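What follows is chain A paired twice: with chain B in the first complex and chain C in the second.
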Partner chain A sequence: MRSVLLIFIFLNLLYAEPITPIPQHIEVDEAKAALGKELFFDTILSVDNTVSCATCHDLNNGGDDGLRFSFGVDGKEGDINSPTVYNAVFNFRQFWNGRAKNLVHQVAGPVTNPVEMASSFNALVQKLKRTAYKNKFDKVYKDGITKENIADAIAEYEKTLITPNAPFDKYLRGDKNAITPKQKEGYMLFKDKGCIACHHGINIGGNLYNKFGVMQYVSSKRLGRYEVTHQEEDKYYFKVPSLRNVARTAPYLHDGRFESLDEVVKFMARYQLGQVITQGEIDKIVAFLHSLSGELPASAKR
Partner chain B sequence: MRSVLLIFIFLNLLYAEPITPIPQHIEVDEAKAALGKELFFDTILSVDNTVSCATCHDLNNGGDDGLRFSFGVDGKEGDINSPTVYNAVFNFRQFWNGRAKNLVHQVAGPVTNPVEMASSFNALVQKLKRTAYKNKFDKVYKDGITKENIADAIAEYEKTLITPNAPFDKYLRGDKNAITPKQKEGYMLFKDKGCIACHHGINIGGNLYNKFGVMQYVSSKRLGRYEVTHQEEDKYYFKVPSLRNVARTAPYLHDGRFESLDEVVKFMARYQLGQVITQGEIDKIVAFLHSLSGELPASAKR
Partner chain C sequence: MQKDNLMLKKIDSITLLLCVFIVFTISLFIYLVRIDQHIQRHIEYHDAVMQLRILNKNFNNFLLSQATFINYDRINRSVNTFESNLEFLNVTYEDVSDSKAYKQLLKTTTKLYEMKLYSIEYFKSQNSQLLHSLHYLFDLNMVLLNSRKIDQKTASIVNKTFLYLSKFYINSNIETSEIKNNILLLKEALAKNYNVELDMFIVHTEIDMQHITAFGKIKKMLQKASLESALQDLQKYLDNIYNEHIIIEKTIVTLFFIFAIIILSLLIFMNRRAIAMRDELLGFKTAIENSYNSIVITDIDKKITYVNDKVLEETGYSREEILGNNPNIFKSGTSNPEFYENMRKALDDGDKWEGEFINKRKDGSLFYEKASIIPVFQNAKLVSYLAIKLNITDYIEAKREVEYMAYHDPLTSLPNRSNIENYLQNRLVIASREQAKIALLFIDLDRFKNINDTLGHDVGDELLVEASRRIKNTLRESDILSRFGGDEFVVVIENFHENYFIAQICQKILNVFQNPIQTKQHLLNITLSIGVSVFPDDAKNATTLFKYADIAMYKAKDEGKNTYQYYKKELSVVAHKRLDLEQALKEAIGTDEFYVMYQPQYALQSKNIIGLEALVRWNSSSLGNITPDKFIPVCEDIGYILELGLFIFKQACLDFIEFQKVCHSLENISINISAVQLYQNRFIDDILEIASETGVPTHSIMLEITETHIMKNITHGMKLLNELKESGFKISIDDFGTGHSSLSYLKLFPISELKIDKSFIDNVPSDKNDVAITKAIMALSKSMGYINVAEGIENEIQEKFLQENNCFAGQGYYFCKPKTKNDLLNFLLTKSR
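== the complex of A and B ==
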């Protein structure tokens, strides 16, 4: 019996796919997540009460805002494309330049960024203490409202924002008809062209940095990892983005330069892989990318 | 005239290759490098005066030791393959798990590693002060023999260990006959198969981390980046190694599991890219890899 099990495990490992499905559920602290959800949708987080997390991470719209650059307080425009909050928990680091090691550290970024929410945590803690949040935090956290607890609650909510059961995940789980023949061909091309070298794992990306413009120089205002490390060799290295729900998160790339999947697939093939790619191949890969759209979680509804 | 120049620059950027040549020379402090060279070859660095940097980084033998795992003091065997010291200055981080951000930080690793040199810097500083090194350090460094100055001198010497003028670099610089037609075909395959996605830049690698076993699970005792960050998502992510002088640095991979380039190319194609590859294609890629062997610098001679 034991040897049959071992052979089964061995064969599973041998024929494992480089992409793994999103789980149906991950454990969260429900009370903290509920508090975090309230904060996520509350504009109280911004200095002038105009911008919430949901402003740039619209949960009915792919978890981002569909804009090239987001607008923060006073209508100020940022200079980087909002990544989706969906499945962000599975990324190895947060932000395009990876400057936050997890969701808790990520929260501080937009809250204090002068062109996003432009708040300070001291001011925010004081503001929240004058509201019904005081009691709510006291119930959930021993030390009540603190910077750490605000971030912790929002991060706990964000952990619920996962999108299981994408057609491609069903296919990976064994339902061979969950995706179309064209999508299957697209997946084969995705592997054969080398896209898979960087877009793999549970988030089909989100787990390594690579250079923007491997094969040819590409202009970019933002400098990627260099902004964090100030090491010359990190210039233009960005976190490889997740392709989960990519059909819902236009525009594309860290500066939102492309509106369509067609354009970005063509660009990636040329600049990241030096591949000649036909329109027929692009169509198939784009069809495959559409199979990566999962089910929105119940927690995304207000 | 200016517009001609701009067009020239534009075309150069447009048709730039994803690999750039090793420069002929990089600036170093000659006095420090000379001191560092003496230390590099001196077994005084190890606790029992048996092991020098050159023990595992044989400069006449690809800059590594040709062993699967190196031997340190008391004949102790390590558990990771020595990477070459040649062109290490161009790597974005040092060590397979990237735990040192540059050569200066790297030096401390082997000196204090219990299975390598097993020394302590306090003991080493005291030992060196009783030798002719005392005067030599005093001449070059205001504060004489310190941990920092030992590392600085060795790192300064290592900066001289670059290997320019590989046939492939000559080809990149415009000498179209510097590599054979078979090597050119190998380079095309190297790009078409997707190897280039990770092996690019001046060191053809050495500038990002990726997962060991992208397409299928591969066993590995060492855990890569996880050893540094202790983050689950960093498990099995290793620095993509440089392919400079790869024909001289067998055995291959972080655990030296392969003796030949044929084997490692086949393995990489399957486990990192999920590519079917024929023996004819392997031959061409291996031919290309042989074009990456550069000239040894004068400073490598004792």
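== the complex of A and C ==
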């Protein structure tokens, strides 16, 4: 009975490969994506023409801005860390609190957020109609410029922002030498310690919510999922973030409280897993985390 | 034609039905396509709900697989699929979109799904936590079992606790109270002897206990709210709706089908009727084409659209020449416009018209057609005209022949007795209205019976034909000759005024028989006897006129044949006398039987002869002396007056020159001019020529014109008088006071002299009336500047009266009777001496 049980657990954890590689590309509507790309880099989306999507999602810098909190129009500072736009398409929900169902829904958030772009869609549509966008939209969309079409075009472009061929993906695909032995050990530890329970799947995370501070209370200004559901048990539940390109997306956690991977791994072990972890183990896991950085897509270049 | 109407109607309804049928079939097809789309859509919805149910089962399984590692990507994909299917169901499902129940069902489903999703998310978090916790507990358990830092008993409790928790993996009930007890024991042990691993073990176990409670909650939620039953309800609802629709649609399709069959049957039925009618019409067509009648059909503009062969045969036209033309190409123009107007009127009123045409063939010959023309109506709308015509030329001609025979004598082709009787009767009506005269001549061939009896009927007939020809040639066009019977002919004469005119005609007729008649074998001398009766002098009605003419004819026979007699004896006498006169006149022309005598006109005061009136005299070798009042009118009638007038004029002029030589007081020669002369074109030229020829100045010539002659035509008369005056002639009005002259006109005439008529002078001074008239005339003449000449002064008293009343001149037996040239020359010589 006992042995059966043990075998069951091990099989469960070790032999079923819990991480899947990113595909080389996914199908998109090229025309819409091209239009979306133009919008993505255009500050016209913000009320005073100072902020574009790319302002906070620097595609050359991990898909975020490397700041703890981002700055919007008039230098206003936000209160949450910009997540990377790379591979966002694979997230099951968008935003830290998961309030957007998909990328299309997500686009509206920053555009209308008063501390980000601070636009209103009605005004924005009118504004775009006075520019060359009018013709471009008319070519791609039957109904021309609308809120939905703006969001759709940008979302279509964001679908192209995936980073395939990370060393670890190559390893998963069978290239046993794609990662170092230390990284391999790190991956074993990653599974062994139970990180894998939350960070798995195609995006190594990004497919469930979990509590910030499972084992112990951790202070946090933001309340996560509670902000959406207003259920007491949802307090401090955040979307588990993707670990893809994690080495490029410092600072970490929803409030950007840690600058280094060392710190955040140590924090995770203590507050989320409630485990003792050695520096050697941390090093190995961090090494593994570095193997998750993929190739930047061609569409990321301006 | 009625049939034809029906046929057209049928064709229309067949077309209509066919259209309906096509529309019906198209509708049916469209409806079937729609039904198919319905079914397709239902299948899609059904599949969507089925998938939802399968996904829900997956969700349920997922929620029961606690403490198992699961790649959440998979469940996330299921969630996405579920949501997109739900959205698909939410978008308009046209059959049910209006249904509140459906919306309610969807709402319930969505709500239950949201609860389920919440459970799933909750499960994911809890499961992840539990999973790594249990895994860590396994490690800790292993470490603690082999650790020497804790006692045996504690180790056994740790192991036991872990095993209790492990039961959760295999879904066994776990003894929570046991675990809680163990945790208390372990906490006591930890307090005695702190160990990090044991501490961790306790913390994780406590947290896991919380997770297990959470899973219990999820299970309870699962049992409470059944998404599955909501989905089943949804599916059942969709199925019901679908079935209802299918039943309705099946019914409608069946109805469609039945209707289509009915229409098709109707179509077949109608087509059969149409075919039957067509065959029948073909029969009619053959009948029409081969009809003995001419049949013409025109459109409403009366353009010919159809003619049968008979028409071509009758008219000589080809079909191409006729079609498209108006039927008036056959019109001969013989009938009056009123006839066509009546026809047009009847047809315009939509009535049938019947009548007879006199039409013209292509070669111009005429033929008669009895026609009936029928306006053809369809649905109260005029569509064409049908004319059915029968050539009745032969019949008409035969009828005419019979009619001709009935009214004409076959031998001479002259009107027969009944014809002339009718004719006379008709003419009498008109004549009595117009107060005209009609003469009836009854002519009988003398001794005809003898010729007929002795020489035979053929000769008699030949004789009759020639006699009728001769008589006819003598007559004017307007006079009607008729063979009354046997050898009797009758002539009706109109347009005459004087009875003696008839006598002339009779004489002419008698004259043409002076030459013998040559028959084939014989030369026959024939004479006629003619009796004349005159309307209205003798009688007013035809029968009596015939009777009297007959009587007159026998009178002529009694007179010795070869003559004519009026019914009234005196008429006969006058007529014969007049004819004798004419005859004598004709013979006298060119002889010296006519001569001129002169009566002097003298000034009453001085007794000087100032003028002469030339008077013509006729000493007929056969009739003796005839007075001018007898023969001048006859001369005028026969036109001899012109010649005679000029003879007198010339003679007077010639003599006047001689008279002037012996009588120097002589100023004028007065010459009477007849109206016939006056109104003759060449008159002025002729007398001017004579005047210049004889050397008499025109101012010495006094033209005496009777008052009544001028008054007959005042405008023309005045013009002529003015012309004469311009030529220098003097004008004298003769017999003044006997006519009805208007004095106002009189003063316009260029007159030099007024002659006071003898009838007034005869009774002066004894008759007061005549005295007054004579005085008035003289007073009038004075005021107008005319000179007066009194005629017929026969005694001293008369002359004295006139002298006393200042009449300028006079003439009469008292002073001097008219004398011949030589006598007058002597008289003048005596006077002048």
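Basically, the second predicted complex is superposed on the first by the 286 of 302 C-alpha atoms of A that agree within 3 Å, B and C clash if a C-alpha of one lies under 4 Å from a C-alpha of the other, contacts with A are read in each partner's own complex, and residues count from 1 in each chain.
FYI, a residue touches a chain if its C-beta (ideal position, glycine included) is under 8 Å from a C-beta of that chain, and two chains touch if they have at least 3 such contacts.
Since the model is a prediction, treat every value here as computed from it, not as a measurement.
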| item | value |
| --- | --- |
| Chain B versus chain C as contact partner of A:193, first or second or both or neither | both |
| Partner chain(s) touched by A:285 [first = chain B, second = chain C, both, neither] | neither |
| Touched partner set for A:150, first chain B, second chain C, both or neither | neither |
| Touched partner set for A:217, first chain B, second chain C, both or neither | first |
| Partner chain in contact with A:118 - chain B first, chain C second, else both or neither | neither |
| Partner chain in contact with A:273 - chain B first, chain C second, else both or neither | both |
| Contacts of A:59 with chain B and chain C, given as first, second, both or neither | neither |
| Common ground on chain A, meaning residues reached by chain C in one complex and by chain B in the other | 13, 16, 18, 92, 101, 193-194, 196-198, 200-201, 207-211, 214-215, 229, 233, 237, 273-275 |
| Touching residues (chain side chain B, partner chain A) in the complex | 13-16, 18, 90, 92, 101, 191-194, 196-198, 200-201, 207-211, 214-217, 229, 231, 233-234, 237, 272-275 |
| List of chain C residues in touch with chain A within their complex | 68-69, 71-73, 76, 79, 83, 118, 121-122, 124-125, 127-129, 131-136, 138, 163, 166, 169-170, 196, 200, 203-204, 207 |
| Chain A - residues contacting chain C, complex | 2, 5-6, 8-9, 12-13, 16, 18, 20, 92, 101, 193-198, 200-202, 207-211, 214-215, 229, 233, 237, 273-276 |
